[in-house]
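Shared between the two complexes below is chain A, which has chain B as its partner in the first and chain C in the second.
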Partner chain A sequence: MLQHYQKSDHFLQQVNPTMKLMSLLTVIFYMVLIFDPWTPFLLLVVTIIGISLFGGVPLRFILLILLPFSLFAFSFVWMNVVFPDERGETILFTLFNMPVALENVQTGLSLGLRSLVFVSWSLLFVCTTEPTKFMLSLVQNCKLPPRFGYGMMAAYRFLPLFREELNQVRAAHRIRGLGEPKGLKGKVDETKRYMIPLLASAIRKAERVAIAMESKGFDGSTERSYYRVISWTKKDLIFGFGLFLLYAGLTLGRIFFLQ
Partner chain B sequence: MKNSKTLNLREIVVMASIAIVFGVLYLGWIFFGQVVRGVLGPVGWGLITGVWIMAPTMCAYIIQKPGVALAAELIAAVTEILVGSVNAGTVLLLGFTQGLGAEIGLALFLYRNYKLPGLMLAGVLGTFANFMTTYVLYGYSQYSPLVTWLMLGAMMISGAIFAGLGSKKISDALSCTGVLDNFALGKLRRQNQELNKGV
Partner chain C sequence: MAVLKTQQLMVRYPYQNASILKDIDLTIEKGEKVLILGPSGGGKSTLALTLNGMIPKSIEAEAEGKVYIDGKSPLDLSFKETSQRIGLLFQDSETQFCMLTVEDEIIFGLENLGLSKSEMERRVEENLRLVGLEKWRTAQLKELSGGMKQKLGIACLLAMDTDVLVLDEPTANLDPASTEEIFDLVIKLGEELNKTILFVEHKLDRLLPHIERVIVLGTNGKIIADDTPRNLFTQQFDTLLDQGIWIPKICRFAKKLEQQGVINWLNFPLSLQEFEKELTRQNIVPHNSMVQSNQSRVRNQTNTILQLKNMTFAYKTHEVLKNINFSIQSGEFVALLGPNGTGKSTLAKLLIGLLHPSQGEIYFKNQVIQKKNVQELMRSVGFVFQNPEHQFICDTVEQELAYGLKLLGWSKEDWHPKVQSLLEAFQLVEHKNQNPFSLSQGQKRRLSVATMLMNDQELLILDEPTFGQDFVNTEALMKLLRALNQQGKTILMITHDMELVYEYANKVLLLHEGEIQYGGDVETFFAHTTLLEHASIKVPISYALKHWLNTIEGGENLVTTLSEE
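What follows is the complex of A and B.
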């Protein structure tokens, strides 16, 4: 599913991964200073529409992923109602002898929506960026030493293997009569049992791959040529300009409507 | 076997693999984590945070070189993004600050002491860094101080137990399997064994 979206050639997929990563970080820093519910709400809506319009990801898919995170977002609302820094003055109603103030609900909503904005922008990045392209961009555009870049990519390729191995270990334990985990404690014990065999085989595999890479002449030096060159294009400029417009619009809106 | 201070390819791939194995194991817990976070709020969440610092303290304990904790946590964050984490932004920031926290804990011992207290300190400072970051990111300044203090306490305990004690136990158990013989921890184990035989 994810790979399908990452590989399509919509606008967002063609923007340089480093650019998208930087925009993600600026969004986080921008949001940190905001405590009203409207700005994050607006940004969230714009982001979701943006991902589906310019990234070709269906709305349903985005909302389905945001759903579990809205539970987390909701925790901010009740935390702010029950344990606020200072209780607001406009009491809406009382719940079990506890006054619920409008101000605290608003702050809670703001923080909850902020967490959803973080998730939606991360989604923008993850849904439109191919892992390999991201890694190559880090090496080529951000001066990450190739040792790290290719090392991580090699380990990343192990992921399906590890999943398979987890299933094997699970099946092996079951056939020896260790049974299904019961309850929380059973699950903790089970995780403990899986840890050592999984890690041991992971370390063995990693060592072998590293030796193979070195024996084929990979020395991790920065002076090397690349089959795929990740360059800066006009699209990055357009993306940056769009982002600037978005920030300018939000800031202006805040000045006119919130004060 | 040369023993330089910089990380070589073998160590980088091993660190990334450890991060990925933890990633695979976390998958079974993410849903549980979200429920805890939604129902119990930040204090309950604080009790679990130490688990996210396990990979860097473990790598630092196994490889025992300066900078390993920070590098391991950054690698863990990037691999999590590669795998497709929907929290990419916060993961990356947290990866940096947590790694830095754990690194400072080990640097205070001048990278000489990799015994339990040092690892626990690294874990505690790692979760402390996590607290500071989430405090700013998710606006914890809006909560009553009581809750934030409780949360910090829960996080630091969790850091000492999971990231300190937990990763040491796992690494020691791993060392017994012999897969770490090419790394600092495995070499130490073999030296100790030979010493014991000599006596």
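What follows is the complex of A and C.
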């Protein structure tokens, strides 16, 4: 599913991955200064609509992924209501003999929504960026040495293999008479037992893939040509301008409505 | 001019006293098709890696002497320059790629060479067409089968436009159908493009007729023979046998016929076709009588140990196994066959309760196994995984064996003698204090079988136990399984190797398209031509030979010697 979205040719997919990565950083930076719940809420809505509209990702898919994160976000509200630094004055109602203050709910909502904004922008990045294109962009646009870029690619390829292998190890150990681990110590012991066969195979795989890459003439240097050139285009300009408009709009709105 | 040349080449790995390669003097001309044979661990892969300079440039090893590719030493060439002269295809199709899609993988190599975009485009297109993967250009690597991955590997090498291709057992992990495809492809392309090809391989039946020269590495790391295949197998037969080097079944057999004075070969056969042609020339014609089934292989046991009744298994909504019915009698040696991806491993997992049937029942000794938990079942059923390392949980071999018994609450006095006797039976006594991970391939395999027999399990299920194992280890394991079977253990083994099936099993289950399409006697199975063709299974050479034998005077007596090989 994810691959399908990453590969489609909507607007966001055509924006330079480095540009998207930078936009993610600016969002984090912008949100640091904001404590009201409305700004992150608005930004969240805009982001979700943006991913769906300009990235061609169905709303259902985005919301489904955000669902578990919203539980996490809600925990911020809960924490702020139950353990506030300083209890607010506007008591809304009492819950199990505990006063719930508007100010605390607002801080909680602000923090919770902020975390959702980060998740949604990460989602924007992940849903619209092919891993290969991201790596190429880092190498070509950000001067990341190919040694690391292609090394990361090889490692990324192995992730599903490791999951498969973990399942096999798990089944094998179950057969040896090891049931579900009991308690924390059991879990730690289990992890330790799984680590050895997985590490052994990881080291072997890494060695082999390194030899295979060098046999194909890879020396990690920057002296190579590229079939796919990740360049800066008008789309990046439009994306950057859109982002600027978004921040400007949010800032203006804050000045008019929140002061 | 020689395309490859070595002079007094010596290679030694760190912390090892003996050199793995010694005094290697080789000259290989352009366009030659050379086969490299040698005992397992005898330096064949080391030689391949030394020829393209990976040893000592990337792999730590001491190398002396000279290597020349096109007259230049790989030590003076960059990776880039070497990769345009010599290409390596490896055994593990999973770990020779670093990108996500088919085209990106080919392009990776071409980018390393710094080619222009139009040139890359041309080469990608041309080479995908050569290996027949043009429709898969934008596919993800994980969508490809093992055989297709190796074809892609070949396309990657061809795209680099190398003169020399070194194939280091690329078919070791493939099923028979894919293996044949790969060989046919390499042979065809090798001829068409006039490439120099070095094969490191032991599945020779298909390959041998196309090989012009065989180089044999001995256990001492030196070249002990360098000849045409026909000369080699006629004249140096005993030397090869002494060195533990695998000799094609057909050659071993032809030699035996000659030694017993049954036939005098004018043209020593290297393949079944040549064998048949030669016999026809000598006016020996087979009569079409069915070979009598070897009665001694079928035991008269009526004790049902495992039975499946109308069992169906589905992953989510996809039915993998449909209405499976079969039973296994105590003391049988059963081979479970079928093409890759038909659910053989799934069936095995169902039998030990790691998965549960969607419908129907599995009975172990008349008890429904769904009612037992895995631990309970494991006391009477042993299960050996494809990769032995996955099963190891302790720090020493001895502890590994004692583990199951300790779990059952046995004291050291009780388990110690039992562990000791298994260590002896599986030739692991001197390794008992070693870490299981530090054992050799064959030892790991033996240990993984041994751990599954600690509790005197009656049924032993093995999931492709010979996968990725070399010939010597395979044979050792099979002999061990036969011995266990003769002691009364029931064995169910998933395998692709029809030679093993014919030689060791006494019952066949064919799983194809989610159904058991055949269940019964081995001889009868290999006579079902259409069934075999449908499941792309090839008749083993020993089976084909047996038919010939009955027609040769005095040949009947050889039937038994054949299966004892």
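Operating definition for what follows: the second predicted complex is superposed on the first by the 247 of 259 C-alpha atoms of A that agree within 3 Å, B and C clash if a C-alpha of one lies under 4 Å from a C-alpha of the other, contacts with A are read in each partner's own complex, and residues count from 1 in each chain.
In this section, a residue touches a chain if its C-beta (ideal position, glycine included) is under 8 Å from a C-beta of that chain, and two chains touch if they have at least 3 such contacts.
Values in this document were obtained by computation on a predicted structure and should not be read as measured data.
Per the definitions stated earlier, placing chain B and chain C onto a shared chain A by superposition produces no clash, and the two fit side by side. Across the overlaid complexes, the C-alpha centre of chain A sees chain B and chain C at an angle of 70°, to the nearest 10.
In the superposed pair of complexes, A:F72 makes contact with chain B only, with no contact to chain C.
Judged by the touch definition given at the top, the superposed model places A:M213 against both chain B and chain C. By the document's definition of touching, of the two partners only chain B reaches A:S122; chain C does not. Applying the stated contact rule after C-alpha superposition, one finds that A:K205 touches each of chain B and chain C. Among chain B and chain C, the chain that touches a larger number of residues in chain A is B. In the superposed model, A:L2 lies in contact with chain B only, and not with chain C.
Of the two partner chains placed by superposition, chain B and chain C are both touched by A:I196. In the superposition on chain A, contact is made by A:P131 with both chain B and chain C.
In the superposed model, A:A154 lies in contact with both chain B and chain C.
Once chain A of one complex is fitted onto chain A of the other, the partner contacts of A:L109 are absent, as it touches neither chain B nor chain C.
Here's the short version: in the overlay, chain B gets within 5 Å of chain C at its closest Cα pair. Touched by chain B in one complex and by chain C in the other are residues 131, 153-154, 156, 196, 200, 204-205, 209-211, 213-214, 218 of chain A. Those residues of chain B that touch chain A in the shared complex are 7-10, 12-14, 16-21, 23-25, 28-29, 31, 34-35, 37-39, 41-42, 71, 75, 78-79, 81-93, 136-139, 141-147, 170, 173-174, 177, 179-180, 182. Of all residues in chain A, those touching chain C in their complex are 3, 131-132, 150, 153-154, 156-157, 160-161, 165, 168-169, 171-179, 193, 196-197, 200-201, 204-205, 208-219, 223-227. By the touch criterion stated above, chain A contacts chain B in their complex at residues 2, 21, 24-25, 27-28, 32, 35, 65, 68-69, 71-72, 74-76, 78-80, 83-85, 107-108, 110-111, 114-115, 118-119, 121-123, 125-126, 131, 134-135, 138, 147-148, 151-156, 158-159, 162-163, 166, 187, 191, 194-196, 198-200, 202-207, 209-211, 213-214, 218, 220. The touching residues of chain C, when paired with chain A in their complex, are 49, 52, 54, 57-59, 78-84, 87-88, 90, 92, 94-101, 104, 107-117, 120-121, 140-142, 156, 160, 349, 352, 354, 374-375, 378, 383, 385, 387, 389-393, 403-404, 407, 437, 451.
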